[in-house]
Structure formats: C-alpha cells, structure tokens
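Naming follows writing order (A, B, C and D), and every chain is counted from residue 1.
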Amino acid sequence: PDGASALEALLAADERVEPRDEMPDGYRRTLVRQIAQHAHSEIIGMQPEANWISRAPSLRRKAILMAKVQDEAGHGLYLYAAAETLGVDRADLLDQLHTGRQKYSSIFNYPTLTWADVGAIGWLVDGAAITNQVPLCRCSYGPYARAMVRICKEESFHQRQGFDLLLALTRGTERQRAMAQDAVDRWWYPSLAMFGPPDAESTHGTQSAAWGIKRFSNDELRQRFVDMTVPQAEVLGVRIPDPDLRWNAERGHHDFTQPDYAELLRVINGAGPCNAQRMAHRRRAHEDGAWVREAATAYAARHATGGSG
Amino acid sequence: PDGASALEALLAADERVEPRDEMPDGYRRTLVRQIAQHAHSEIIGMQPEANWISRAPSLRRKAILMAKVQDEAGHGLYLYAAAETLGVDRADLLDQLHTGRQKYSSIFNYPTLTWADVGAIGWLVDGAAITNQVPLCRCSYGPYARAMVRICKEESFHQRQGFDLLLALTRGTERQRAMAQDAVDRWWYPSLAMFGPPDAESTHGTQSAAWGIKRFSNDELRQRFVDMTVPQAEVLGVRIPDPDLRWNAERGHHDFTQPDYAELLRVINGAGPCNAQRMAHRRRAHEDGAWVREAATAYAARHATGGSG
Amino acid sequence: GPPVAVYATRLGDDALIMAQRLGGWITNAPQLEEDVALANLGLDLLGQARMLLTYAGEREGLGRDEDDLAYCRDERGFCNVTLVERVDADFGEAMARLLVFSAYQLPLYRGLSASADPTLAAIAAKAVKEVAYHRDHATQWVLRLGDGTPESHRRMQAGVDSVWPHVDELFETDALERALVTEGVAVDRPGLRAEWETYVHDVLRRATLTVPEPAAAPATGGRSGVHTEAMGYLLAELQHLVRSHPGARW
Amino acid sequence: GPPVAVYATRLGDDALIMAQRLGGWITNAPQLEEDVALANLGLDLLGQARMLLTYAGEREGLGRDEDDLAYCRDERGFCNVTLVERVDADFGEAMARLLVFSAYQLPLYRGLSASADPTLAAIAAKAVKEVAYHRDHATQWVLRLGDGTPESHRRMQAGVDSVWPHVDELFETDALERALVTEGVAVDRPGLRAEWETYVHDVLRRATLTVPEPAAAPATGGRSGVHTEAMGYLLAELQHLVRSHPGARW
C-alpha cells in the first residue's frame, strides 16, 4: 500500500516519520488510536488525583499535587496536538472518548480512598507509565516521540514526588504507615496490569513492533517495572503484596505473581469501580462548559472579522 | 363593618373566634399576615440549624438537632393549616414568601458560624420566640391559639436543649467555652431585636391589642425576656455582651442596652447577611421539587377517578 | 473485634451513613410534609445506628462508644454498603435508594428479631416497625413518580437505574457472617434476596417502571472499607468538628 | 499577634481560600487549556498564601508555620474576605470573581511592593507579575462571555451581579491597617478603589455588561472571622485529614 515503502526506508535508517511524510493507513490509524488513548488517559487520570487537591494535608503537598494534575492536563494537550498532526481533531477525539468509542487506561477506574493513594499513584502508576513510555521516546513517529520526551521527564519527577509522599508516611506515625501499606496493597496489581495482557494473549504487538511504535513486549516491560520497583519498596519500608515475589538469580530478575487479567478485562470493558463515575464526570464537565466554548467561538468569529455583533 | 360587633361580643366574653364565625376584614387580614409570617419563619428558620445537621459533634446531638428542625417543619404545617382556616391556601402563601411579598423573622438572616450557634439559637432565639408566643396561646382566634399551645410546648423543650448544649460547652474545654461566649456575643442583640421596634415606634400594636391578637407590647415582652435570661446566663457561665446590663431594684427589672433598631430595619428590608441566601435556598428547593409535586398531583387525579392514565 | 461486634458495626454503619444522607434532604425536600417525613426516617436510622454501634463498642471491649466509632474511625474502617454513601442526584434517586434499602432492611431486621443474641434481637424488633414505614413511604413515592408525569417517569427510571449497581452488595456474605448465621445470631443475607426481588420488582412494575438488567459493573467493597469517592467528603463533614477538638465532650 | 502578623494573615487567607476554590475547578473547566490556566492561577495564589502565612507565623512568634495556620485555626480565626469563600455557581461567576479579586490584588500588591517591610515588599513584588496575568485572564473571559452569545451574556451578567455585594469588603480598613499605613508597611485599601473601579467598569462596559448598582446588602465581616455559611464546609474539607492525625507530619 502507499507509504509502506517510504515508511520502511525511514525505519531502516532509524529516522523519524514526520506529519508531511507518506505513511500507510494502518500505521496512521494505529498511531491515532494509541495517541488518543494516551491523551484520554492523561485527562481522565486527572480525576483520581484531583479528588485530593482540596484535602491535601500540607500546603506544600497541595501545591505539588495541583502542579502534578496541571502537568497531566498539559500532557493531554501535547498528545492531542500530536494526534492532530495525523489529520484528526481534538473535538472529535473527545467525542469518541465521551461516547465510549475510544478507551483510556483502566488504572484510573480505581478510586483514591486515602491520601496515601496519591503517593501510590505517583510511585507505582507513574512508575509503570514511565516504564511503558520511555521506549516511546524513540518511537518512529516524530511528533509522538517528542511529546513523550517531555512527558517522560515530567512523569519521572512525579514518580519521585509520589515516592517522597509515601516515604513521609512510612517514616511517620503507625496510622500513617498503615495508610501507606494499604495503598500499596490496593495499587500493586492494578499497576502490573497496566502493561496489558501477557504476551501470549496480546494481539496488537507484532505489527506495532514492526512499525517502530512498540519496542518491547508487555511482559518485558512488566518485568522491568517489577525489577525497578522492588528495591524502592525496600527503601520505603512497604511490603509488596505478593508472597511469591523473590529474586531469581538464574534469570537475573524477580519472580512475581501475575495480576488478575480477568479483572483487567472486566475493567477495560467498563466494569471497574469508577468507570461510570469517571465518564460521567468528564461528560458533565464538557457539557457544563458548552456555553463557554460557544461564547468563545462566537466572540472570536465576531472580532476576527471586525464585525460588531 | 360586618363581623365587628360579633367579634367584640366574643372578645368581651373572652371566647375564641372560630373559622365559621363572622369577622371584620381587617381582623382576618391581620391574622393571615401574622400567621403566614410566623409559618414562613418556621420554615426559613430550619435553614440556619439544618446547616449543622451533617456536622453535629455527637450522634445524640445530631438526633436532637434533626428532631428540632423536624419540629419546625411541623410548626410550619400547623401554622399554614391555621392560616388556611381563614380562606387562604398554602401554595399562595408560599408564593408570597418566594416573591418577597410576605416576610419572615429577621433573626434567620444571620449565619450559624459554629456549633455553639445552634445552642445560642435554642437558648436565646427560641427563648425570645416563646416569650412572644406564650401570650398568643390565649389569642382571640381559636385555630391560631391552639396551634400556639402545641408549638410553645415544643419550643420550650427546644429552648432547654439549646441551654443544655451551651452548658456542655461552658463546662468543656477553653476553646469550647470561647465558642459558647462568641455565639452569645453574636446572637444577643439580634434576639432582643426579635421583639420588634420600641413601642414608641411600633405601628401595628394598638389595633392588634384591641382585637386580642397581641396582649403585650414589644417593650414589655423584651423586658420579660431579659429578666428571664439573665439568671440563666449566670448558670451557664456566659457573659451577656452588654456592659450596662444590671438589676434595677426600683423597677424590679433589669436595665439593658437596646438593640440597634437601624440594623433591624436594614435586615427586615433585605440587607441582612443571609437574606439573599435564605430566599435563594428556599426558592431552589421549591423549584427543584416542582416536578415531584406535579407528579403527585397527576397520580392522585388519575387514581382518584379510577382512570388508567 | 469479635464477630458479633463486626456484624453490629456493619449494620450500624449502613444506618448511620443512610441517616447522614437523609439528613441532607431537610430543607431541600419538594414539600414541607416531606421535610418532616425524611427527618423522621433519618431519625429512625440514626437511632438504629446508635444502638448498633453502642453494642458493637461493648462487644468489641476496647471502651469505644457510639461517638468514638462514628467520629474517630477513618474511611477504611467504615464497613457500610456503598449504596448508602451515594450523593442523590434528585428526589427520584433518593426514593429509589430508599426503596432498595428499606426493602432489604425489612426482612433483615425481621429475621434478626429472632436472633440468638438478645440485644440484636431487641434492636431489630424495634426497627422492624420503623423500616416497614420507610418501605411503605418509598413505595408510595416510587408509584407516584413512576406513574405520574412523563418527566417524573423519566427521572424515577433514571434513579432506579443509578442505584441498581449497588443492589448485589446488599446480599453479599462472608465467612464471618456465615458462622454467625450458624450460631443463630446473624441473618443469612443471600436468603433475603428472593423477598426483596418479589417486593421491589412488583413496585417497579406497578409504577410502570422497567426492572433494570443485572448490573454489568456491580459495586462491592464497602464491607471491607473500600468505598466510593463520595465517602471521604461525607466523613469530612461528619467528623471535622470532633476531630478538631480532641478529647472534648459535647 | 503584632499588627504586621495580622495584616499578613489577612492577605494570606485571601490567597489561600481563593486558591482552594480555584483548585476545585481542576477537571471541571470548560476546556483543557482552562484546567491548566486555573491550576496555574491556583498555584500562584497558593504560593502567595504560603509566603504570607509563613511570615505571619514568624512575626507572631508563637512558633506556628504555614500549615499550623492553614490547618489548625477554627473558622472564626480566618480573616479572608467573604468574596473568596463563595461557591461558584458556574464558570461565568468564577470569572466575575476572578476579575473583581485580581483587579483588587494587583494595585494592592503593587503598592505593597514598596512597603517599608522588606519581606512583604519582596512577596508583593513577585506576586504583582502573577496577579497581572490573573487580571488579564479574567478580563479576556469576561469580554468573551459578556460579548459572546445571548446565553453567555445572561450568565456573565448573573455572575457579576452575584459577586457584587462582596466588593465593598475588599476596600474596608480599620485602625490596625491605618497605623500600618502610617508606618509605610501596609497599603491604604480605600485608596485602591478608584483604580479598581476604572478598570473593572471599563471591562464590564467593553463586555456589554451592566455595572450593578451599589449593593443593598454589602457583605462584611470576613476580616473579623464572621464568614458565610459556605466557609465551614470549605474548612472541613481542607482540614479534615490533618485534624484526624494530630501531630503527624506529611
């Protein structure tokens, strides 16, 4: 098909595909779907953390949290902009989110029950996200790769902040330590599930790898995350809720229990604890803002043409 | 005018006027206005106290407060029913409240800022209300007099509960004592103002007295309230915020500083701290409930006639 | 704590949080009679909560009273079902929830009034009469609204649909409760479902409403302290004053 | 505390409570750019609040830091103006409040940047740049919404009308501040009103909006801790966690 050979040539030369380059339809569609889902995840992912902005327990932590959620909105903006270079527009992508035709990361369908959850999201969820995303900084599509460079830098900052939040708890009172452990207990397996189904059951992998969109398999990335996280848990002084987690000297990796992929599938398909809430919140915010966006458009149109309304 | 002589005869015999009796238009109008205002005060008066239901600091106090606010709704119901015996209906009276054509007691235009305010309302505001209302138990219009008997019994219970709430605070921690004193400081003068302008400036008094609707003047009732309240304040251990308050052995009454009647007038005319909020809350609740009332009417109509919709 | 304390806490938390939500309707009801009625229902539930939590504290044996349990537990320590902590979208949803909840509480308390635990039996016996009234009250409103106007029908159906994912959780049980059932102390929750369904489905049918499909995403977790995000805000309001005055008495 | 501590607390509380309200818009804004912008504004105000409250605590000399002041004062101890504690009815009202508030903060901080108190002067000098951006942001929205569609015009006017009773309080002063003005430490609030009016009235006019009549019932009392009933709920959320863990560090 058209663009396929041009793409192959670029990939062979390890160069980036840019918006003006020819590309195969499948490549474009896959990128749009992936970038949109990533953008949607950033904006839906604001909700569980924004849930604690009004209740953050120090002004410093409140400022860090507001800045973090703001960064996520910013990531959403970069990513929608990257998607737009592929010939779609943000309003359409949002519409596909709001009508359930495009997905966002399942992880955000779990509730943030305590302040420690904010830390666990930073440490584990952002940690998993970075593990997923670092390879994307070298992905074949230029605008996406460049957005990921910027995003990964900020995410890694967020991950350290989450770790630091939890550290304050594990070095705090008995109740604070329990709060931290409880959060880790609840977020560990959903974080592992963020890497998707095991390779044996994964469908999109091969073509994406060939296109230079995906450079490592789900299981490779999951293993990398576990290996990175275990020593951090020791520093924190929290227990990872997996009795079978242990170092395997032969493999040079940790053995660990796989997450419940049946649960992952249920949550992806809408049956997570917060799917309905997250979507309802997002749709309501969008609908509540319709009159504002309409006014802005009307005002801009009138003033662009010099008309007086 | 028609009804005047019949009314005079009943008053002379110290008997009650009943709905079927003839009565002068002015008498009827005065009663409707007064009973409606009293009913409106009960339902608007629910708001400042309901403000603390979700935040009451013990389950026992929460139950007492819920029961009290419920009683106020009940008082509203008795009083609207008493007004309806005079040929008006509740929906019209509510409409006059919602459009600002009828008033409610100004006292409810002050905010409840702390838990102690709930106690101060019970002790001072209900105390003043009882002082005003006890004479109405012998007022010339039967349905109103009977409603007042029941209401005064409950109000006096509320007043004791308010006193008890404050007593727990004044016997509590330093911060609790300060909270109680602060509430008394803020509610004292508005409570004195509940008796209306001084007799010299009062307009409705004389005719109402002749009709057996008002048996004591504003100043007489205010004095009675002060004399009743001062010894209670001593038991509570709170200071009444009036440096000139003292026993006058010659008069056999306490001398005291008059409230700021200019402020009273401003609040009556809509400029109290919460006038707009109270009315907006009331109107919103009424409007939010319109579909429910319409449904109930439609259902009742259909099922009363045996129709099947 | 001992199983009976846990069990009493579960029932008590259900009643407490439902009372808190009903209390929020006072001054916001569609008519004055309903302010009275909802306050009354809230008071009944608050009364049940107080007896149940007091008893839970006694059996727990750590010296905690009803207020210690209500005001000084963290969110993860509350074990009410998620149904009761929701914020009502409107009066229709409030009545849908009340129907679902009271139609569950009634057979529960009726069964519990024959409990081998005399305190639970006594609390339940008193509550049966109250809850029978709650169920009747909710039923009347669901009929009026479902079979009222097109607008009220639409809203009432939306209310039923919204609370439906919280139904299954009412009938969940666990090893602790099964053991108490064996001892004749607790009521077998799954066994309550048939009566609940018969009653609620009949009301919905008479109200010209559609019984929703079983929920694709049934709520769960309340019993183990995994609540919805609405719960934290509810507790902040409920507890803020007490938490701000450690050790004070009120 | 010493007058300068009281003064810094007043300015700090204004910024803190306004930041808390702006924070509530995040995830609720009409478009993603606005989530970013409102978070940014909230962060600026939160930063101002932290510096001002830290300084207030230092000058007070009781060993209280910014968090002690934010989390462990009761409602009657907060001395922010009532404007900032309101719950926004919609985005139009939020922008009306932001315009009114930032157009007051800008000349205030500009004046304060020449304060004889070097800490206040430094805090204010930094804040001037931030608040100039806030005022510009609010101005752009008030223009767009006032002169946008009939619906947005109606809502924007309603927003302006709603916040208008809170204007006078911004320019109230008292003996404490007058003494600080004499010392060259504080800014004369009544003297800020002319610039505020010129600016705000001009924006409203350009936005085709009507400048409301002076409020019949101007709000007051915030400076002495007499707040609106919205404040208690705001503080319950703000403080609940810290109040629930006495002595903990976060």
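Here is the rule we use: a residue touches a chain if its C-beta (ideal position, glycine included) is under 8 Å from a C-beta of that chain, and two chains touch if they have at least 3 such contacts.
Computed from a predicted structure; not experimentally measured.
Q: How many links in the shortest chain of touching chains run from subunit A to subunit C?
A: Minimum step count, subunit A to subunit C: 1.
Q: If you tally contacting C-beta pairs, which comes out ahead, A-D or B-D? Let me know.
A: Looking at B-D and A-D side by side, A-D shows more C-beta contacts.
Q: For subunit A versus subunit D, what separation do you get between their C-alpha means, in angstrom?
A: Inter-chain centre distance comes to 34 Å.
Q: Please tell me the distance, in whole Å, between the geometric centres of subunit C and subunit D computed from their C-alpha atoms.
A: Comparing mean C-alpha positions, subunit D is 41 Å from subunit C.
Q: Please compute the C-alpha centroid of subunit A, do the same for subunit B, then give the distance between them in whole Å.
A: 58
Q: Counting only residues that touch at least two other chains, what does the list for subunit C look like?
A: In subunit C, the residues touching two or more other chains are 74, 236-237, 240.
Q: Tell me, which residues of subunit A touch at least two other chains?
A: 55, 175
Q: Chain pairs in touch?
A: The complete list of chain pairs in contact reads A-C, A-D, B-C, B-D, C-D.
Q: Would you mind writing out the residues of subunit B in touch with subunit D in their complex?
A: It comes out as residues 48, 51, 55, 111-114, 175, 179, 182, 186, 266, 270-277.
Q: Write out the stretch or stretches of subunit C touching subunit D in their complex.
A: For this pair, the touching residues of subunit C are 74, 233, 235-237, 239-240, 243-244, 246.
Q: Please output the residues of subunit C touching subunit B within their complex, sorted ascending.
A: It is residues 16, 20, 23-24, 26-36, 39-40, 42-43, 46-47, 49-50, 53, 66-67, 70-71, 90-92, 143-145, 147-149, 151-152, 155, 208, 237-238, 240-242, 245, 247-250 of subunit C that touch subunit B.
Q: Can you list the subunit B residues touching subunit C in their complex?
A: Result: residues 43, 46-47, 50, 53-63, 66-67, 69-70, 73-74, 76-77, 80, 115, 168-169, 172-173, 175-176, 281, 285, 288-296, 298-300, 302, 309 of subunit B touch subunit C.
Q: Over in the complex, which subunit C residues touch subunit A? Could you list them?
A: 74-76, 165, 216-219, 221, 226-229, 231-232, 236
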